[in-house]
Amino acid sequence: MTGIAVSTTINGDTIEYLCQPDETLLDVLRDRLGLTGAKEGCGTGDCGACSVIVDDRLVCSCLVLGAEAEGRRIETVEGMAHGDQLHTLQQKFLEHAALQCGICTPGFLIAAKDLLAKNPDPSEEEIRFGLAGNLCRCTGYDKIVRAVQDAAHVMKGA
Amino acid sequence: MRYIRPLSIEDAVGQLAGSAGMAAILAGGSDLLVRMKGGFVEPDLIIDIKSIAGLGEIRETAEGFSIGAAVPCAVLGENAALKKAWPGVVEAAKLIGSKQVQGRCTIVGNLCNASPAADSVPALVAAGARAVVAGPSGKRTIPVEAVPTAPGRTSLAKGEIIEAILLDSQAPHSGDAYLRFIPRTEMDIAVVSAGVNLTIDAAGVITAARVALGAAAPTVLLVAEAAEALIGRKLDEAALERLAKVCAGACRPIDDKRGTIEFRRKVAGVLARRAATTAYARAGGK
Amino acid sequence: MNFDPRFSGRKFTSVGTRPVRPDGVDKVTGRARYGADFNMAGQLVGRVLRSPHAHAVIRKIDTSKAEKLSGVKAVITAKDLPDLTDGDAAMYDILDNCMARTKALYDGHAVAAVAAIDARTARQALKLIEVDYEILPHVTDVDEAMQHHAPLINDTIFTEGLEQKPVKPSNVTKRSQFGHGDVHQGFGHADFIVERSFKTEQTHQGYIEPHACVASVSSDGTAELWVCTQGHFVYRQHCAQLLGMEASKLRVTSSEIGGGFGGKTHVWAEPVALALSRKAGRPVKLVMTRDEVFRASGPTSATSIDVKIGARKDGTITAAEATLRYTCGPYAGSWAEIGAMTAFACYRLDNVKTVGYEVLVNRPKTAAYRAPSAPMAAFAVESAVDELAKELGMDPVEFRIKNAAQEGTRSSYGPVYGPIGIGPTLEAVKNHAHMKAPLKKNQGRGMACGFWFNFGGQTCVDLNIGMDGSVSLAVGTVDVGGSRASLSLVAAEELGIDYSQLKAIVADTSSLGYNDMTDGSRGTFSSSMATISAARNAIKILRERAAQMWDIPVDDVVWEHGHAVAKGDKHGNLGKLSLKEIAAKSGTTGGPIAGHSELVADGAGVSFATHICDIEVDPETGAARVIRYTVVQDAGKAVHPTYVEGQYQGGAAQGIGWALNEEYIYGKDGRLQNAGFLDYRIPVCSDLPMIDTQILEIPNPNHPYGVRGVGETSIVPPLAAIANAVSNAAGVRMTHIPMSPPRILAAIEAEREG
Amino acid sequence: MVEVTLWGALSQLAGGKSKVEVEAKDIRELFRKLAEQYPGFEPWIDRGIAVAIDGVIYRDTWGKKLPPGAEIFLLPRLAGG
């Protein structure tokens, strides 16, 4: 088995790395690049904790090979804030206490960002179905949905 | 283990045919990577087909639509023409996994994974879809229902790749629909499912119909008797009753962690009824 | 230490507000470090080999091929974790569960482990370990395991708690009994009696973060452990004991924790990681896969419960009886005992009897799950209570109010209650708008009550005041859901300063005295008590320093709103000294200012909740959907109300999952068939409505601010509330949890066919 | 002298008595005297027994005073989640 050289863009930066053919993008982000914001909750695409955006598509990074990132544009939770200015979603998650343990939070933020990019004015039902790929075991989702609603409201006004 | 990214279907077929050990096709990866993670497969060669020209596109042809093998299901939902012509097929494709999985999974992958519970397959079968198979000896086109032969098995020979799914233009006064049953509202594998495609005449009498059931047998079931129960009738209560009964009777399900034989039989009938009602309305029937 | 924990009825400035949590920004930016987010230089990858058999003798393990594989640095079996438990049966069970010694007792039981340079090598090494198993007959069902002919899981166990010591070993490890009065006589006075049997399936806490740790053992006998846990001090004790180390030489740091709910109160992988590191001489990172979490951590009990309740025509319950059988996995536990204690705790009963049986099965060792054992008992009891109300023709809320326990009632588990909140939660539910909202076709409403004990325990807190006047608070209870925010509010309240001047952290085991874990709803209850005590100790020093600065007697200095104030006419011109001003001079008034506290926070007080739920059932498919949900619970005092609501909502959501879809499914071969989030179906966002909450504040007399534990009680009522709602929606009484669509449809069909 | 109510398992070790009288000022003395009177209690005390004094449950505060006339109940020491 030999390493595959990959050149990609992560949160706007050009990044080059070597990876093995069976390494997932999640493995690469966490173990090779130190970007541990994406979490492995299941490794099988069932929990959404590893959500990232690849070329404007929301995906589970555990279901993407590191080798597939060649030439792509990847967004992770580490790229959501601008300097010390939090993204509106991040701010609203804090204000609404939309996190308890916080392990699912990076995945929810990325999924919510993708949701609002495609549907800036979602109904509660659209939010719930749009975020159905992200499991949260602490909150019962109530405060997460409210945070996304509030963020959508603020972002529309901006 | 090797990972390659061929640029032509011929190259992919050649690599696949010539591979010594186990070779796997990678499009969306939502089944392959899960199997690799679980240690169920350890391919010697991964052939990523996403760089092959045309495989990532939905083309409108004279006959209808050609959906490339690397088109993610999310893209099906974004194609207005396809959605208009085959809403049932698109609904089915959009039910696979989460938004995250939608961004990756493909209907060809769903078909080749050969799970009896695959969501898009009953809808494709009801729609009369065909698969374009590229192989070492050229190309052939086969009905979708001829692809899976048993759970996890397909009729594809060594070196063969499905490069596209063909859907004819929908006939006038026709409609299709797909419904599945899952315990939650999202994220589950179908416990049982039904796809219905039908055409009506001016009087609302059904002139053609195809009914397919998923997770009801080792492979997708195209239930001819269910179509017969509809053809020549309006979709009245008697026809629906007959359809439900025939579908329940046609099932050969199993008891497993997702459902019981009893449950699958009953709900197959219920879903066929409901899907037929939607398809009929889409066809313009009242 | 003279700390007075009694409720003082003070007015609050900080407590009861809703600021952003101190660990929040790290958690929304991906910077917070959880169990698997930490690495050490030279670290190896640990992997565990697990039994595929439910019950098997381990005849021989040959690790030689794995050891020879290039890149493998250590392979261990039970031989590398020798028995140092010295007759401590509970610790021996923990050891055997970490690494099977003579028998594999469940599908997923660890039998060997490797440490290698990377994950791929470790995986290959596992395949090279040869285990020679002699497969034994197994049993996974609770009722089957109690039969005489059932396969024996441990032939040294004889049922405890029987009148006569049994002559034969059994899978029933213990019988326990609670109650008072004479139930036989009580049933004799009843006009109506409901008697039913119930079953609940095994569920998992389902935390999204798998167990993870990094262990590093040095050749000098010191070690470090980074781990996600609900109690790093307890993990230190257990690991040190199992590895023969001195506790003070093992420094355990708790990472941010990605959910626990009781599931991270128990060591599994940590002693294995330490043993691997000791053998390899390098740090070892061990992260469970999701499959391993389901197969080999600690799910809840599966149960089988019989309930009998009788009442007079006027609605007075005359007698109540229950027999509760709970699985423990393959090791002795006290899970049915808790069920037996909690079952009827909501009611005022003259005649009550509960009997619990602890049952061994070939399933993973049962661990606590949020108010452990109470939800199943409440499901059975509250279902029967609802049915009885129906037979009496009484409103289910009124029937419960009539029979609810109150101050002075002898509880079903023994002691007489002090002031309690069951009555107020029922009254609140009775008057709640939800109870009056109209229902549509195929919809039904259900309600149910729940009880939980709540605990306190050993607690230690350090409060340090910096020279700039900012305050750092070091606590030893792991923050599972926002307790750093609530404890900062408490410290701010007591010191009279602003929340923003504080920073709370969870200290490691070498930096603070022993703390019990965050379980039993104790995190905020006990650490807030210690925080108040520490703050008061610091205030004493602040007053002394102010007295020095003013050169007056310390008795003339009082602490008011964050300032030292000189009292009496003599010092009228002295003004005030702020905490910041006193801190700035601390270097020359006696050095650093700190407040320390160590205490046992007992007197947590019991907790009650009542839930309301609307369900819509599809009569053709048996699908049940939650339409509306309301939680009413007593918090004593909600320190940070938003996080209290969060606990209520989270517990309700977990209960909804348990009620409708979550269950361990074993095949005939005793193997777990759904060890993943695909087929172990926890609720997704689109499954749930908003979950309304109503916080009642009935002060706990044994806490200075009146705080009660709030974390667990919310999972107790949902199973029953949903079962009652399904019953009202579909006209069928559901007796088997989860009420999955096939079970509901089968019940509807059976009812139709009469 | 306080009257102490035992739960089932302890009651068996005390020869079937559900209530026993003990001269004790606090929980520590209570446990010591109980262990003297009923040696079978010792392993239970080691494993942990909770004491309810007038309905309030104490698990570790062995210095807690036992007020005269108080209702004293021994209970199994439980775990939470």
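Residue numbering begins at 1 within each chain, and the chains themselves are lettered A, B, C and D in the order written.
Everything that follows uses one rule, which is that contacts are C-beta pairs under 8 Å (C-beta built on N, C-alpha and C of every residue); 3 or more make two chains touch, one makes a residue touch a chain.
Source: prediction; values computed, not measured.
Set against the C-alpha centre of chain B, every other chain centre is closer than that of D. Between chain A and chain B, the centres computed from C-alpha atoms are 29 Å apart.
Here the CA centre of chain B is 67 Å from the CA centre of chain D.
Measuring from the averaged C-alpha position of chain C to that of chain D gives a distance of 25 Å.
Among the residues of chain A, those in touch with two or more other chains are 20, 22, 43-44, 46, 129, 132-134. Residue positions of chain C touching 2 or more other chains: 205, 261, 677-678, 683-684, 686.
Touching two or more other chains at once is no residue of chain D.
This structure has the following touching chain pairs: A-B, A-C, B-C, C-D. Chain A meets chain B in the complex at residues 1, 4, 20-22, 24, 43-46, 48, 51, 54, 57-60, 62-65, 67-68, 70, 111, 114-115, 129-130, 132-134. Remark: chain C residues 90, 160-161, 163, 174, 176-178, 205, 261-263, 265, 334, 337-338, 341, 368-372, 411, 413-418, 452-458, 519-522, 600, 602-605, 702, 711-712 touch chain D in the complex.
Within the complex formed with chain A, the residues of chain B that make contact are 1-3, 5, 26, 28-30, 33-34, 36-38, 46, 48, 50, 72, 74, 97-101, 103-104, 185-187. Across the complex, chain C meets chain B through its residues 123, 291, 620-623, 625, 660-661, 665, 673-674, 677-679, 681, 683-684, 686-687, 740-742, 745-746, 749. By the touch criterion given at the top, residues 18, 20-21, 23-25, 27-34, 36-37, 120, 205-210, 256-261, 287, 289-290, 480-482, 642-643, 645-647, 649-650, 652-654, 676-678, 682-686, 688, 690-691 of chain C touch chain A in their complex.
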